[in-house]
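Paired with chain B in one complex and with chain C in the other, chain A is shared by the two complexes that follow.
And then the complex of A and B:
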């Protein structure tokens, strides 16, 4: 999950080593409304995938982002 | 008030409104912000600067962008997420200015749009302030 972790690390400004499946807006103070949109656009661009609004809003933590990208055929 | 939903906005859509800033508005902004810097409040001090007279606060331009997003485009359903500002030239007093914006990106997965936002001097066309806004739509 290096590629996805690198995106989260860069956007949220946290070390890759601190990124676990449980990482969420509740545990990462930088995971705010604006950064959530930047995360979505970066993930969509780098994995060449497209999320629906409902899919994107359903992401509650990093682990769910991994699962969603994989469900779209992305190799995280 | 415009009330565009996310389905109704598209890249390339733009809007604008004309307004001007008078001394009463500057005084109201002083009361609102507490920014009593003499460049904005003291005519004698301002006359001794390169500008020659007191200037409106640049952040009044920020307030005008708020009006643009909240009322004009996209309007009613907007949730303002971010706004960058570049103060290129001072806002003039008692002069017609145009506040405008254009949608440059539509982000389906977040129901958000990215817009360029600009304030220009109506008569000269000079850009006074520009920036970029990120706005989510609640419907």
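And then the complex of A and C:
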């Protein structure tokens, strides 16, 4: 989970230790629409995976991001 | 550094955790969602030591911003403005109409005149892919983008503060598929990847660095396995790898690259651990050498630490060590220099010789706002300088040496000045510079338009032409004259040119009826050589401010019938 947490930590400016599956736009004030786009493109680049628009927009929290990356064959 | 690192750096500046940065007001005007570009640009500026305050045209409102001279974006007093419009074949936009293009170019013209500060316009990318295939030049969108480039280049020829950048350079380097983000385009109106934004921001940063006088001026090269293959001491002057075949051709081509840098005004020097006699033999005997001894402004061939050699080179050329780029294949030597002189740029040259030229081209640290005749002659000038130094060694006193040079100073005033060169000198001169005020060509024009006086001096001597090397800008109030800027290029230092030049200016002010000349010395990390000048010239120190600035006053005597200053030594002929 390290690599994915690093991306979230860098983009949202929160310590890696604070990143749990429950982390969501509701709990992280920096998780706004712009940072959501940065998260999306960074995850795709670093894991070399591609999400559809609907998949990407469907991510509701960190846990779902982990699951989506795994479903695409990425090793988080 | 990657996009995320730059975004994090920008955050450090905006939330105040990173301090000691120079403020920089930036305007950013695009026709897409540019939030990510702004953050990356911000981080790129922070890395270079600036605290950017970025003002952007609100989303899709560039047209409103540009058509209204009173718009807050236009009146934000930007130090620099960056424009980039995407005209894409993939999404219909206003730019598909010629009318909109013409109107926008006209708005850019007015904007440039309004802000009066540097404006960089990165041209839209040429759309090579599309339904027209290899007939892309028939594609109306392609035609429109070319037309946009044509009009803006024409505009830049008229407006000194407008620079045009070719964005295709980035597409060329990264590839179109790596820079376009189609989902981003349709879903968020972010048509590009972060990699593209990073490359664009780094291109723009080179302008900021040039405008603030921090472009690199000199490439210092090692010899063995840098300028040629092999070790000279072992292989001999004809045995080194240089010339036809691999790897000799790669080294030869690297020499060609260095020579082309010299031709655009970047000075070359050598720091090598070798025997000087051996090195001279290579220059004389090896027919494959592209670079000749005369191309090097300084040759430090010895067995000392290279950091010592770099310091000597900087001293001989009258430039700071922070103007140097050090190229050496040895990680040990690079490491020692980087440790002793962290301000020297030490690129990683632990690469194969065929990659040397590309590495040098990719540094992007030599940018200048414009190339002047002085830049193109720089190589010849340093060869002349070497002959002068030989003369200096035979002269008994400094006065005798200066007299032997037979210096002629030709002074131009206001409209007769070469304005781009005058602006360039304000941007580049760090040492003999009383106030270190950086001006663009349009800034100088504005000062003259307000009734100010500008003087520039062109120096020649027995050995050659120095070009325009000394500048003064004087603001005139009803009673007093204020010496806003007084600077001299390092290559003219130590020849009393500045004294003759200042006497001429005082004479001109006397003729115009001025009786006092205000001046200031604003100390910086580098302008120590100018520190005692005003006092030496008889100016009275009136105030020493807390920030170190010294204010001076000079009482101007009424003009004497003879223009010539009786005290003036005849060492320099003013024409």
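Quick note on the criterion: the second predicted complex is superposed on the first by the 76 of 76 C-alpha atoms of A that agree within 3 Å, B and C clash if a C-alpha of one lies under 4 Å from a C-alpha of the other, contacts with A are read in each partner's own complex, and residues count from 1 in each chain.
Everything below uses one rule, namely that a residue touches a chain if its C-beta (ideal position, glycine included) is under 8 Å from a C-beta of that chain, and two chains touch if they have at least 3 such contacts.
Keep in mind that what you see is a predicted model, and the values were worked out from it rather than measured.
Once chain A of one complex is fitted onto chain A of the other, the partner contacts of A:42 are limited to chain C, with no touch recorded for chain B. By the touch criterion defined above, A:64 lies against neither chain B nor chain C after alignment on the C-alpha atoms of chain A. When the shared chain is aligned, chain C comes close enough to touch A:11, but chain B does not. With both structures placed on the common chain, the touch criterion links A:55 to chain B but leaves chain C unconnected. In the superposition on chain A, A:34 makes contact with both chain B and chain C. Shared interface residues of chain A (contacting chain B in one complex, chain C in the other): 34, 37, 41, 53.
Put simply, chain C touches chain A in their complex at residues 3-4, 7-8, 11, 35-36, 181, 183-184, 187-188, 190, 193-194.
Within the complex formed with chain A, the chain B residues making contact are 79, 81-82, 107-112, 134, 136. Taken in their complex, chain A has these residues touching chain B: 33-34, 36-37, 40-41, 44, 50-53, 55-56.
Interface residues of chain A facing chain C in the complex, by the touch rule stated above, are 7, 10-11, 13, 34, 37-38, 41-42, 45, 53.
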